[in-house]
Amino acid sequence: MKPLLQLDRVSVSIPIDGDPRRVISDVSLDLAPGEALGVVGESGSGKSMTARTVMGLLPSGSSVAGAVRFDGTELYGPENQGRAGRSRTAAARRDIGMVFQDARAHLDPRQRIGDFLVETDRGGAARKAAVETLDRVGIDDAARRMRQYPHEMSGGMLQRVMIASVLLARPRLILADEPTTALDATTQAEVVSLLDELRREDGTALVFITHDLDLAATFCDRVAVIYAGCLQEVRQAELLIRAPLHPYTRGLLASRPATDSRVPRLPVVPGRPLSAFEAPPGCAFAARCAHAVDHCHQTRPALTARQGALVRCDRLAAIEAAPVPEKVNRP
Amino acid sequence: MTLTQPSLTAVESAPSRANAAGRRLRNRLGATGLVALCWIALMIGCAALAPVIAPHDPNAQDLLHVYAAPGGDHLLGTDGTGRDILSRLIWGARTSLVGPALVVLLSLVVGLPLALAAAWRGGWLDAVVGRFLDIVFSLPAILVAVLAVAVFRPGPAPAILALAVAYLPYVARVARSAALRQRAMPYVAALTVQGHGGVAICARHLLPNITPVVGAQIPIAFANALMDLAALSFLGLAVQSPQADWGVLVNDAQAVLQGHSSQVVYAGVLIIATVVALMLIGDRLGGDIRRRRVRRAPQPTGRTP
Amino acid sequence: MMRFLAGRLTGLFITLSVSSFVVFGALYLAPGSPESVLLGNSTPTPERRAAIREQYGLDDPFMARYLHWLGDILHGDLGTSFVGNQPVSGRIGAVFDTTLYLVGVTAVLIAAIGLGLGLLAALRPGRIDALVSTVTAVVAGVPAFVAASVGISVFAVRLDWFPAYGAGGEGFLGRLHGMVLPALSLALIASALLARVTRAAVRAELDKEYTQTARARGIPGRLIVVRHVLPNAAPPIVTVGGLLVAALFAGTVVVENAFGLPGMGSLLIGSVNQKDFPTVQAVTLLMVTAFVLANLVVDITQQLLDPRLRQGGTA
Amino acid sequence: MTAAPVVDVHELRKVYRTGTSGPLGPRRNEFVAVAGATFQVAAGECLGIVGESGSGKSTTARMLAGLERPTAGTISVLGTDRSRPARRAAERHLRGGQLQMVFQDPYTSLDPRQTARDTIDETLRLHTRLSRAERADRVSEIAASVGLDQRQAHALPAGLSGGQRQRVAIARALAADPRVIVLDEAVSALDVSIQAQILNLLADIRDATGVAYLFITHDLAVVRHMADRVLVLKEGHIVEQGPTAKVLDHPEHPYTQRLRESVPARGTP
């Protein structure tokens, strides 16, 4: 089946304090129509830059190498030159919706919710569709809400408005950049289940970006773990959680405390997360990896297919031998 | 001219890292900033060394050589009563720089502690100080000075004192808002929990952290004070003719009407150059804060408690 | 909205009463007795001194005099000027329109130049932005009295495009012709500052996240600027613009004297030199009132523009 | 509870009067942040306080640390009452030596112009009578104990990562040798791998010094790992409290159950 979204050896550099810094290095990824992909990473991993690259929201002075294709149209790459290319890209992007982390900052404080929803489609029917969609995303008294301003609504409600605005455009892909990080646990659960339920109804593909591996695994078909701007492991969600292959994934899962059980001491991934421009030669994770050997510090492992997953590590055999620390059930 | 440019700045003043601070200051100012700094240094040099470097006595009249063209004994020519224009410009630097310096100094000495106390104590004191600053802010500087001069006798002293009062809100409002911002930071709360007293925290932590912000306002307030004081001297209300002052030198209507405008232009250019230099320095120092804001890696922000 | 208005009006009332107190009380800060100030440099005979003391009720308690003086002002009696013993209000009435006219023309210039250059710089980054920034940096340092003097010597004396002195010709065009140089001199700094603030405000809004939402939704750049960026950038621009225009009243003092325009500014300086204290008091108070009222107008427009504040709640 | 509790809070209440008494009559609306909280913290115990934003958990912490004045109720730490803000310097020093606090945002909880060593040294100057040389050694000791190397100890906050800054904040708290440390969402702003390092550090400190923790968080997994007992706060009320495992595995109050269910279960879609 032809992929809906295709990233082909994409590398991105953005200006930080004036000089260009690489934030994504050589990422290749396919997303099937209707598929939900979780992209999980720590600070500086480049996870949200990936989505912004697809949407073309990079700061001025950024540079993108490689190709990004959506539904056959090239958003970035050799063919995307000149005015014709740009208009094709713009048309293609109208089928992609984006939900951001801080909904309040991403809404014009002086614009009523209703005007915001119909801004991209002025037609008479637009207002009726907007009210219906507000109901659909679980906002009560939708008609009255249309006339309200952002400062009159809670963070959770604003995020639902953002989702409604995306759904109105009937996108074929939704990019969600940490949409629930700023919300309370209970609101997060509601918004996540809402997003998942609505996208399944419309058959919309979803890229869900988060730092919370467990959250992504609960409703994404596949999860991609990204570190220092490159993919480390891409796998079917349950398998990734139950039997992680890459040492970084294993480290993240082990060091995250659980709600239903307790370990006497958390296994720790030493050091701090690196950005792509800080990554040493060879495997970016080598400095923090317990299984690293000289080879890891010299050569950068390729993202290879193994047991139905993609993993970027040359020491998998050795790691397989070492057991994953089991959770000890102790009150 | 009663408004300052809203810009924040960083003047590293930590004593223990003086040379590093000097280096940082230099590269923060950038090329134009350094040129501006040299110009100001030159002007201060003129003011300080006027008796030594001025070729003639600024007030010595020579009715035989009235409106002499530049060149020879008088590099920039002479004015309507034969006085050497260059010497008067050099001597003029004294009053035109010392005056504003006093204005800024006075408003700092009074404004800064007031702002810190208001920001730290908060409550009624902050409200009263806030209201007081708003009221003084609504009195245009020139009008306050004119009123003062009308009551006392025209002269630099009442004008400078009045301007100092009128300029109090510039420094104090910037300092107060910067102090309030720092006060809301958790590190101040942590110091309170440590058991440090208010005065210790204000002196050791609030003041150093608002110095960059206030530091940027000083050259800009200085520039505005220079313009206002020169305007008052131009109106004959501050520095009195025949004493040499840039404002006084610009006010030579008879010469202008007779087509001799060189003195007016020279004095005007000196004022403009000095004011622009000061504002450039203030802007460069202010610009740093905007760029240096800590660039946080995208973090899971967690729920706000 | 009402509560906000009430809050602002009490603020205005407090400010005006304090400034009137300062203006009135200033007389008593003077060295020597108040009447020596009132009499100015003429050596008074005992009768003249007693007459002055009686006329100004200098023997009554201070507060009584202040309230009496304030009462007169509120009834339009601005006291009697020493010059020709005529009511101060008459002298002000004669010159008030010139000042208003000057401030009006200058305000239009500031808005046109300031907003124009500011928007140009903000929306055309790169060379144009750099050029505008440099120009405004220099122009912001050209005080009105320097611009006036140099302006007169170049445009009036040498090129004779404009009158060097006096209120210019008859009729609308004549009067406007006479106002060009003064208005330009007064407008220079303010337009430069407004341009810089406009550029900064628009540039700040352009960086705000909601512009990314709009771009992500495929809304063209021009529409984002018109529909979202400018309305959000308006409040800071209106605030600073208001402050600059309000400050013009004080600025007229310098420009009117430089050009010999018969306005409130010239009257004020003239009264200072003639030691005509009642006129000085009245003109100063009127200018402060104008300044404070202009600020209030700015505040109110802010409230109307901002939906967050429109439904009540203090600013 | 044989030994006296290090922290004893009784009917603690905090009401914010928002709205102003404007000329049109006072517009009074009151927001009850904390409505009658009663709890104790035993010596060396780690008491967790969980709840969503607006539940009053942070306000409770700030009242304990003397940063907010309680509307009603009493607080006593190590037997000394601190229901009212300290007035005299001696009283402030005493309280600083008893209870310290670590805040959520690593980027604003340190003075940007002060190096890590100066930060720790400033606390030592206030709470100890050590000479300059002795203090220098003690600073190095404390810095090492929280995992800061030489470079990091001499660095300004701008040169440190989020995790390293929290270590400095913890070191500053330790320097006063307190019996109680209030941790207000101290690990919430950190990455997963850094969070684990700091949680282990806090556990080590507790084992070494026997200090008690008041651990404020919205994260049930973190509280499960760190806290012996837990209070669940909802809109200013303690709706449930008890041993952590019991409260999380068999929550009785519906709100606690809802909180528990909203946590993404590990791996089961």
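In this document, chain identifiers A, B, C and D correspond to the written order of the chains, with residue numbering beginning at 1 in each.
In the analysis below, contacts are C-beta pairs under 8 Å (C-beta built on N, C-alpha and C of every residue); 3 or more make two chains touch, one makes a residue touch a chain.
A quick note: this is a predicted structure, and the numbers were derived from the prediction, not measured.
Peer 1: Which chain's centre, taken as the mean of its Cα atoms, is farthest from the centre of chain B?
Peer 2: Of all chains, A has its centre farthest from that of chain B.
Peer 1: Counting C-beta pairs in contact, does A-D beat A-C or the other way around?
Peer 2: Pair with the higher count of C-beta contacts: A-D.
Peer 1: Select the chain whose centre, defined as the mean of its C-alpha atoms, is least distant from the mean of all protein C-alpha atoms.
Peer 2: B
Peer 1: Approximately how many whole Å separate the CA-defined centres of chain A and chain D?
Peer 2: Roughly 32 Å separates the two chain centres.
Peer 1: Can you check how far apart chain A and chain C are, centre to centre, with Cα atoms defining each centre and the answer in Å?
Peer 2: Distance between chain centres, rounded to whole Å: 54 Å.
Peer 1: How many Å are there between the centre of chain A and the centre of chain B, using C-alpha atoms for each centre?
Peer 2: A distance of 51 Å separates the two centres.
Peer 1: Indicate the whole-number Å distance between the mean C-alpha point of chain B and the mean C-alpha point of chain C.
Peer 2: That pair's centroid distance is 21 Å.
Peer 1: Mind pulling the chain B residues that touch 2 or more other chains?
Peer 2: Residues 297, 299-304 of chain B touch two or more partner chains.
Peer 1: Return the residues of chain D touching two or more other chains; collapse runs of consecutive numbers into ranges.
Peer 2: In chain D, residues 52-53, 162, 191, 218 touch at least two other chains, as defined above.
Peer 1: Mind pulling the chain A residues that touch 2 or more other chains?
Peer 2: Counting only residues that touch two or more other chains, chain A contributes 43, 184-185, 211-212, 273.
Peer 1: Under the definition above, what is the set of chain A residues touching chain C in their complex?
Peer 2: 55-57, 90, 93-94, 96-98, 100, 102, 105-112, 119-120, 149, 151, 162, 165, 169
Peer 1: Could you please specify the touching residues of chain C with respect to chain B in the complex?
Peer 2: Those residues of chain C that touch chain B are 11, 14-15, 18-19, 22-23, 26-27, 29-31, 37, 137-138, 140-146, 149-150, 152-154, 157-158, 164, 189, 193, 196-197, 200, 240, 243-244, 247, 249-251, 253-254, 257-258, 268-269, 271-273, 275, 277, 280, 284, 287-288, 291-292, 295.
Peer 1: Flag every residue of chain B that touches chain D in the complex, lowest number first.
Peer 2: 14, 185-187, 189-197, 204-205, 208-209, 294, 296-297, 299-305
Peer 1: In the complex of these two chains, what residues of chain D are touching chain B?
Peer 2: Contacts found on chain D: 52-53, 57-58, 62, 65-67, 86, 89, 92-97, 99-101, 103-105, 107-114, 122-123, 126-127, 158, 162, 169, 172, 176, 184-185, 188-191, 216, 218-219.
Peer 1: Tell me, which parts of chain D touch chain A in their complex?
Peer 2: 52-53, 161-164, 191-197, 199-200, 203, 218, 220-222, 224-225, 243-246, 248-249, 258-269
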